[in-house]
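Input: structures, listed below.
Shared between the two complexes below is chain A, which has chain B as its partner in the first and chain C in the second.
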Partner chain A sequence: MAERTGMVEKRGWGLWATHAMMILGVLVVFFPIWLAFVASTVTQSEITQPPMPLMPGDQFLNNYREALFEGVNVPVLTMLVNSTITALGIAIGKIAISLLSAFAFVYFRFPGRGMFFWLIFLTLMLPVEVRIVPTYEVVAGFGMLNSYSGLIFPLIASATATFLFRQFFLTIPDELAEAARVDGASPMRFFWDIVLPMSRTNIAALFVILFIYGWNQYLWPLLVTTDPEMNTIVMGIRQMFPSGDDLADWPVIMAASILAMVPPIVVVLSMQRLFIRGLVDSEK
Partner chain B sequence: MATVDLIDVRKRFGATEVIKGVNLTVADGEFIVIVGPSGCGKSTLLRMVAGLETVSDGEVRIGDRRVNDLEPMDRDISMVFQNYALYPHMSVRQNIGYGLKIAKMPKDQIAAKVAEAAALLQLTDYLDRRPRDLSGGQRQRVAMGRAIVREPSVFLFDEPLSNLDAKLRVQMRLEIKELQAKLGITALYVTHDQVEAMTMADRMVVMHAGVAEQIGTPLEVYESPATVFVAQFIGSPSMNILEATRTAGGAQLGDMMLPGPGGSGSVQLGIRPEHLSRDEAGPLQMHVNLAEPLGANTLLHGWLAGTQLPFTASVPGVWRMTGGTEELQLSVDPEHLHFFDKTTGRRL
Partner chain C sequence: MTFKGWILPLLLIAPQVLISAVFFFYPAGQAIWQSLFIPDPFGLSMQWVGLGNFEYLLGNKYYLASFWTTAVFSTLVTVTSMVPALFLAVIADRLIKGAGTYRTLLIWPYAVAPAVAGVLWLFMFNTRVGIVSWYLGLLGYDWNHVLDGTQAMGLVVVASSWGRISYNFLFFYAALQSVPKSVIEAAAIDGARFWRRFWTIVLPLLSPTTFFLLVVNIIYAFFETFGVIHTITGGGPQQATTILVYKVYADGFVGQDLGSSAAQSVILLVVVGLLTVLQFKFVEKRVHY
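On to the complex of A and B.
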């Protein structure tokens, strides 16, 4: 009996302590975001006058309307659309290319298979920044500056995703491919009907990661877009900062920052449901 | 419905030859079981018939067509795999109908055929489930359904029962055999389980190291095994093989004389444990050091007097060991003696 009380006591106390720590952690992490949100709902003068307000003001609609439809250089809405197209293009393109190349590596025997795989793997060791000058040269040569293709194509090949899909395909039993062959499925039919549906949880997880990767691109969009109409949101926020003595329009910049966070959050939350469901009814 | 002919079929992986020239003629509607220990090449042989492995040499014929260079789907076969190989993301209905869908059969016909196959296999209530929601036996039936719905000329089974528990295996064994008989479709069935081979086969092929050691009906193989390997592989517990010298009146085993058909020379003598009987006046003296009671009969392990070779006898009823070693007199009917060549291991 004593033991039991002890356990309950310990558990109750531990439960409270761990929750208190977690709540504290969340507050610390969340505080800057809260400040940004507060700053996006007040007027310029309220921000510049210390102390800075900690509770939201009444300018929410005004600031967000201004940010979305007017912005500083270009409306935030335009930048959001640009970012969405770029991030979707990168995520979908990367997944499509890596799925197909992983499929080729696992299910086909062709000359130089090993060499090609290691060549792809090698590119993992070269970050975008290292090859950025030659890449810029190539993109400029193709006349792809200030275009979606220029934003998307150089970032579309993914050694990581190819490698992940390859590892996953290797876990699919060979008999499945053989059964499909006996059933009369061509290789691409097998890919569409069997491999793709079986990979959907992996695809969902990768989509989330790659969408955010695409969304957060900063250096590359900064280089290839000179036209404000083609700015993406993440680099665009930086462009909203004034140079020299101009006054920064902080409420609008903060509204843009908050808006920049919304699409990734939406993607994470919606896809999370999908891949948790995928994990719950695990295959095989 | 078709015959299957293997004509001097060989398979090489690099320099290693794993199938060393197999000849087999399968009649229409016949149930052939290919049996052998792991690594004997039995699955490779089946996969060559299926078209999943290329044929290095020789000819595979299904019906009157040479199929060496045809894709599996063009060979008019269907195959049941050891781990069932069901598509995990498809329902039972989709799994069974997938081959028909690829063959571009109209939807209503697919539905009708799937329903028919499901009824035959008692799967009607499970058509909308996923494979993971089914038991092992049900999954096995789905795999069967996928095979029969295409109405192939030949069924190929690659150890289909080895993932099932013992009781289910016995049940499925009967179901497969009945189904095959009902549909009258030629079947090739690979297994390492000699009981499956004995009970299911019209004829069986005993494979060893890439060679078909014997092809015959189960009883032929049991009663007159062609080689020492077949003799020891078929039958449980396996046949005792002893060095003996043949004489005019039988065989000389150490200082024991076994009456039997006359002959001469050094041979290998085979005696099945179940053909030995207790006989106070019997010619064989056995030292028993272990008894395994199975209920209906008891397996006695030990060695024969005058030899050091392990020897097994199966005697009816229960035998209780009292001391460390016991002695026992045994006799065997002369017609149950098997003689094999000492060097080639072939039946004399």
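On to the complex of A and C.
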């Protein structure tokens, strides 16, 4: 990054104005999250008599205890576990199958290579949303409704990760593979000892993106988990609203919403560098 | 440099090829196949109708209305998520100190799932308890997105754009940081004021990023906003917020009209195809840039 000199940099009053605008922007963007947090710490009656307070109340422990261990249809804790397993399954599964196939495409010439490459490439164009009915039928046919495999498998085959790893493997110096071969190392030995360790950063960056992708899924879990015990948190919140005109249990629902946000936010903030890198890489 | 053998590589690609075949190609094929049939009234057999489902859809006013709704929705989401993001990125770019902190704070909404964002905005605009709708009421503005289609559209647009502001901000900010400072300073020496520099130098240099974000945000608005719409409006009132993806779901799963839903999937497939080609055209261009 080039050193910035003062010429086009604001000073004095202008600098304060810039900060003020930035703070205003952050406040506006942040407000919905803050309000949800406040709502998760007050009583139902404080919310149902608008306007609700803008500062947290003293019901934090009560509301979160009720959400986590009782919930509405099913304890939020159960949904958090389901989401964790699903998101980890999607992230790890995608990375594993993509690493293997990218390795094969870069380091081998085999019959059908071009065709398989294009087949995988085509999956880029097929978001799950456009093929929901037939995919649902396939999953139902396998008896995978209301199961983790039903939640995970249809979402782990996508070409993005494969292309990313392929790009990266192409930058690994040829000499390394050459040396491995001269030393009589098998291809898989080369994969484990050289390629995998060198891909650490890429794997981590992709993991951050894929974990959030898996955690935030909505439509697919909505279709395949009819049993509340298998609901993921992101789709389960909607199920906590009563049907008809009954009043929703807002403090518990908002506590569940906050709990649904915490894992992805923690992942993003704690791995901010990797996250931004993964974001830029996977969209290129 | 490559290794010898062909059994090992086939084994290595087998998991991905198998999963793609079972969960991508077979269902996509099914969708195309089913789009050529209608189930008989008893649901016992399927009757071949050729392109009948497509003809019906393209003459159906609800489907055409859904196309229009999608166009309006995705345009509004794209603009609402990109303009504030660019504005914030331009401000952040002027700061030497503190930009990192602001960036950290602005990333948060990206991590919030669209469906959860839907719940948060629904809460703020809820007709009974919503704090924003309550204050709007004080100002004499009657908020009821459950009955008013325009308000419903406004609410799903804002809820869908909110998390995307973070995303767009990150890309704009990164692009602004890579604009050579010498160019900006040369213009400053020539006496160009901030906004003039922005319009004539910075914005043109940002055009690859802007175009990229345009395409990505349209794809997002088309396919990833289902959660927002399902939580806030359920496509209503009177289908005012039924975008194409929502209609595939509503007709296929709620209405059980498989032939029509499959035909809609095929049409969407074509749309995704076009958008993807557009995206790759751009990537190619940027490589030469």
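Definition applied: the second predicted complex is superposed on the first by the 250 of 284 C-alpha atoms of A that agree within 3 Å, B and C clash if a C-alpha of one lies under 4 Å from a C-alpha of the other, contacts with A are read in each partner's own complex, and residues count from 1 in each chain.
Keep this in mind: contacts are C-beta pairs under 8 Å (C-beta built on N, C-alpha and C of every residue); 3 or more make two chains touch, one makes a residue touch a chain.
What you see is a predicted model; the values in this text were computed from it and never measured.
Superposition note: with chain A as the common reference, chain B and chain C can be accommodated side by side.
Once chain A of one complex is fitted onto chain A of the other, the partner contacts of A:R181 extend to both chain B and chain C. Residue contacts after overlaying the shared chain place A:Y148 against neither chain B nor chain C. More residues of chain A lie in contact with C than with the other chain of the pair chain B and chain C. Contacts of A:A104 after superposition: chain C is touched, whereas chain B is not reached. With both structures placed on the common chain, the touch criterion links A:F69 to neither chain B nor chain C. Shared-chain residue A:W16: touches no atom of chain B or chain C.
Between the Cα centres of chain B and chain C, as seen from that of chain A, there is an angle of 100°, stated in steps of 10.
In the superposed model, A:W192 makes contact with neither chain B nor chain C.
Of the two partner chains placed by superposition, only chain C is touched by A:I132; chain B is not.
Measuring only between alpha carbons, the smallest separation of chain B from chain C in this overlay is 8 Å.
Where the contact sets of chain A with chain B and with chain C meet, they give residues 178, 181, 283-284. Interface residues of chain A, counted against chain C in their complex, comprise 1-2, 4-5, 7-10, 15, 18-19, 21-22, 25-26, 29-30, 32-33, 35-36, 39, 47-48, 50-52, 96-98, 100-101, 103-105, 107-113, 116, 119-120, 122-127, 129-139, 153-154, 156-157, 162, 174, 177-178, 181, 187-188, 190, 212, 215-219, 222-223, 234-235, 237-238, 247, 250, 253-254, 257, 260-261, 264-265, 267-269, 272, 275-276, 279-280, 283-284. On chain B, the positions that touch chain A within their shared complex are 50-52, 71-73, 77-79, 81-83, 85-89, 98-99, 102-103, 130, 132, 146, 150.
Those residues of chain C that touch chain A in the shared complex are 1-3, 5-6, 8-10, 12-13, 15-17, 19-20, 22-31, 34, 84, 87-88, 91-92, 94-96, 98, 102, 104-117, 119-121, 123-124, 128-131, 134-135, 162, 165-167, 170-171, 174, 177, 180-182, 184-185, 188-189, 197, 212, 216, 223-224, 226-227, 230-231, 245, 248-249, 252-253, 258, 261-262, 265, 268-269, 272-273, 276, 283. Within the complex, the chain A residues that touch chain B are 173, 175-176, 178-185, 189, 193-194, 197-198, 281, 283-284.
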